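Same chain, two partners: chain A is paired with chain B first, then with chain C.
Presenting the complex of A and B:
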């Protein structure tokens, strides 16, 4: 079979003509037209300083979460009626149906903080039927947790209004490698860049963190200062770690299958060069599934764990290949020359994200390959090198590292390449891995 | 009626007097005959009058009966009207409830209309999108369509929906036998059967791949998967023969290496 490759847009960069299909038409084939308004929450009783502070955080986080979800058309707040909404009696539904707004749903509520607790009452109403869709009351003892409450309410709105199609990404996290001194450690942050905190303190060079399918652990590879070899570590959420070693000196790019198996690339005593290995969870038996001349790296599992995509230079230059998990049926997905890296399989199975350095170019950009047909779509362009792309759990967003603002930093964007946001700023940050959905 | 008879007698009384005092015998006889005739006529008149009286009385009685019946009917009607008035009052209450329900229904109808309008807008958008697709050059559509069908079916296979994948690949091969994805579709049809445990059908599908696309890139893996299906059916001799043929015909394929490992597992070379 011949692969038909279509490079979309960016004709100036690639010297190819833009073709009919756009990435957004492929990724979001049914454009959403649900119109949602998120009115500013108001003080429930008194506007004391604690309440004002909590309100300013809550309103911004909720609005940003909903806007980033890509599921709604959210009219500008400047069109909203001026009357503050505290209870349903304050809502004049007609005023939310004027042509400049014409919203289908309205979120509103109250926040009240005092020295001991913060209470949030949050509502979502169907403006057309005037029926309540959601009514929630959150009580937190620590005001900084107000961000989490806003994220949770945003996810509940997304879940309700997407008819269960997405559980929302507002409570997801991104794990990444960060150099903020001599060592490179693993850090984690909320998807929007807040609450960043260090998870490893080994003093070595830690790289390629990757979440497990159940969100309870992540794996990464590390080379400690005193040891001249790389090992793979399983890091549990509670901080416990276990190590997987081979008899070789190099390991990289761990990836979890849905059933807990780990694929990784390694150079061992029996492999002439780097190959893809698979190990059962908590076992030290490895199976070499590529076992072929040429460097095979960066494995990523298909959503059902039956196939693995990886990078191989067996055909000359590093390209994206796919192999069945039993080692059969190897085939090339991308065949464009240049240098491909860091594939990541989409949650719905249709696409593989990767970065590609075109021949004679100095930088990478993020691309999308349709697995069945090999069609390619370019997602990033412009300044800096854009690498290590990774899907969000709902398949509607992508994280990646970029030097577009100078040093390597973490960025997120929609899966069609729009709505770009930088979410890290301190140190040098790379290899982002977006978590799965949080436990229900 | 009686007063009318006396008036007739009074009319003829002067004639009687003149006859008594001045007429002849013949004239008297004639006059007597006339009187007799007149008496007969009077009797007949009396009889007719009596009959008419009887008829009038009868008619009056009938009218009275009718009036009486009408009166009864009127009473009944009156009772009915009174009953109807009571019912009307009850109906008015019921109507009030019905009106309330109608208002509710009307509100719901408005809402439904609003939703229908929204759906209509969405439908129009979709139609516009379909229209824009239709306006693409025909050669583009002809080129894209099999790709999309294959892509959707392959995704069913990839996500483990093997029943859907089987019917999808069958349809694809029936509709696009000359597509560049036909060899892939034939192979994945076999592998979908294999993953469903339908080994005989899998073997047939893999044979199709080998026969129809002997130089296709899926042929080595079709040999390998056919051997696995034969092993599952405990037809080990045939499995070994298939693996050996794979090693011989496609010695440089990755599947040839897997075939050698499999032959070792089966205790043969």
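Presenting the complex of A and C:
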């Protein structure tokens, strides 16, 4: 009897061990080995002020994008040969193979701006074979677009060198809810926080935006200033909107299946409290798939669209549950006590991200549950509350909201919790949803 | 492959140009580097003036019902509709349910100028709203201000009505019965410790618990509007147990 007790407590200890285990080996099982150098691009003909300005933006954006991709070991620029590279004739391959660098691939090129246009010529070479992998020319007539060209080239490098593992996230965007005046509205920005702009002008409270699988629209939850009712809105990328409403006053947390079906949380005249509903994309035929006493909210689809993970407090405190999309086979995935919220299923189906608040700890942190094993990994720690985690489309990064620097702001990091970066600063910003890949 | 890619870039550039209001013609191309000059830009031609059409079907609704606002345009880069509709595409429709008669004005702007179009939606009171009395509304507002109609409070993570909460609701219901000509919003609120999606649902349960009990006490369901605010509007902005207890509430608003 005593032995049994000891074994039980041992396994409890092992359980805690699993929680504390570092997640990088699980999320990135193949360590990064490709060594890449991104030499500073140089003026093609003359170093006029426009060219200098474009170069300083381009070089920083390209380097940051490649570094953030998690796919490369990028030696510090201080080890690079000093000779500026303009064309392939300038490259001395041996100087990139010295022990401090020893890179497999080298990116370089030129930027030239004048009054009417900016031209970028960008190359990627395989240092060992000395073969050209990429050769691109971009012509833009508006200098702010230089960021976009750098993102574009970064994504092409990632796509070429990751063997299909990622199409790159440099051109992806993040939608989020932002309060910068009396109302809370939906905004969008580049993944790195640049080009933030307001998309809705509803007044009142707009929250919980979520991209569709085809990246052509997002849906969000809104309460207009003079109406005592929450509804959902579909927001097309051209700005057109349509409303989804039930006969109840509570609706929340829309999520798109790969085929366009929408899952959401609502209370209707036929459900006594919040349940998970599913509707086809273009019809208002709501099907209640949970129909259970207590709160059911925050649905997220499995990548195949066959299952939905959601938050339910049917067992006491809110925990992560999974249900088949037809309403059968409901089961609990996370059962740790405390408070779980905002699950997000990974693009490869292996993990569910969520926020968790330990019992009597008044802060939240981002956790990862491995669906097959039930193992949990903690991704954030330290100051502030960390909530609303969301995957990048390549499953290598995570966006979330945090109060670690004061008010709620948007942060991004690698999926193993490293490389944290704050990407919003003005107002109060929350509920980030990372877009899918841009269309080819 | 390249052509599709080019198309995508152009779409991206166009949308950037529209959003930043940039009038400059922009162009992005990508092709392997060859030593030849970039193509010359063609001279701009005079742009046609935009056209815009805006209508609502039906133009008259009962309060609480909805109508379809429809618009179409040509030669417009951007269209904004006021009264909370916002930026919209070149053509489309949106279901709206204004609480009062409202004139919607759309503004289309393009390279060829700007044009406005308006349509008015008349809102008539439904039968259930016919009994609204300004005297009753003011009497109830005063009772709320004087603390005679009181909010009810909840335990952490709970939407259960305590004995004290039931007693407060019984007292409140006397006021609501005495002044029949007013609609009452029952607002559910939460403290900041929970998370946002859960709290919006929990606030709805709290508002529902109070609403259901008021209906049991004989208040007409058509007079009660239950609405959750989650943790959006804390009554007490503090970060301590006293503030949190104050924020776990269902409160009553008469408008």
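Here, the second predicted complex is superposed on the first by the 419 of 440 C-alpha atoms of A that agree within 3 Å, B and C clash if a C-alpha of one lies under 4 Å from a C-alpha of the other, contacts with A are read in each partner's own complex, and residues count from 1 in each chain.
In this section, contacts are C-beta pairs under 8 Å (C-beta built on N, C-alpha and C of every residue); 3 or more make two chains touch, one makes a residue touch a chain.
Predicted, not measured: the structure shown is a model, and the values here were computed from it.
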In the superposition on chain A, see if there is space for chain B and chain C together, and answer fit or clash. fit
Quick one: name whichever of chain B and chain C touches more residues of chain A. C
On the A-aligned overlay, A:327 touches which partner chain: chain B = first, chain C = second, or both, or neither? first
For A:44, select first, second, both or neither according to whether it touches chain B, chain C, the two together, or no partner. neither
Which holds for A:348: it touches chain B only (first), chain C only (second), both, or neither? first
Touching A:274, do we find chain B (first), chain C (second), both, or neither? second
Quick one: angle from chain B through chain A to chain C, Cα centres, nearest 10°? 150
Just checking: does A:407 make contact with chain B only, chain C only, both, or neither of them? Give me first, second, both or neither. neither
Looking at the overlay, does A:421 come into contact with chain B only (first), chain C only (second), both, or neither? neither
Touching partner for A:370 - first (chain B), second (chain C), both, neither: first
Thinking of the overlay built on chain A, is A:292 touched by chain B (first), by chain C (second), by both, or by neither? first
Could you state the shortest Cα distance, in Å, between chain B and chain C after the structures are superposed? 22
Chain B partner, complex, touching residues on chain A are 1-2, 4, 20, 31, 33, 104, 128-129, 291-292, 302-304, 306-307, 326-331, 348-350, 370-373, 375
As the complex stands, chain A meets chain C at residues 116-117, 119, 121, 123, 135-142, 144-145, 148-149, 152, 184, 195, 197, 199-203, 205, 207-208, 221, 223-230, 236-243, 245, 249-250, 252-253, 265, 267, 272-274, 295-298, 311, 313, 317-318, 339, 341-342, 355, 357, 362, 364, 387-388, 430-431, 438-440
Of all residues in chain C, those that touch chain A in their complex: 1, 4-5, 8-9, 12-13, 15-17, 19-20, 22, 24-34, 38, 41, 79-80, 84-90, 92-95, 97, 99, 157, 185, 193-198, 200-202, 204-205, 208, 225-228, 232
Please output the residues of chain B touching chain A within their complex, sorted ascending. 111, 114-115, 118, 121-122, 125, 136, 140, 147, 150-151, 154-155, 158-160, 180-181, 183-184, 216-218, 221, 224-225, 254-255, 257-258
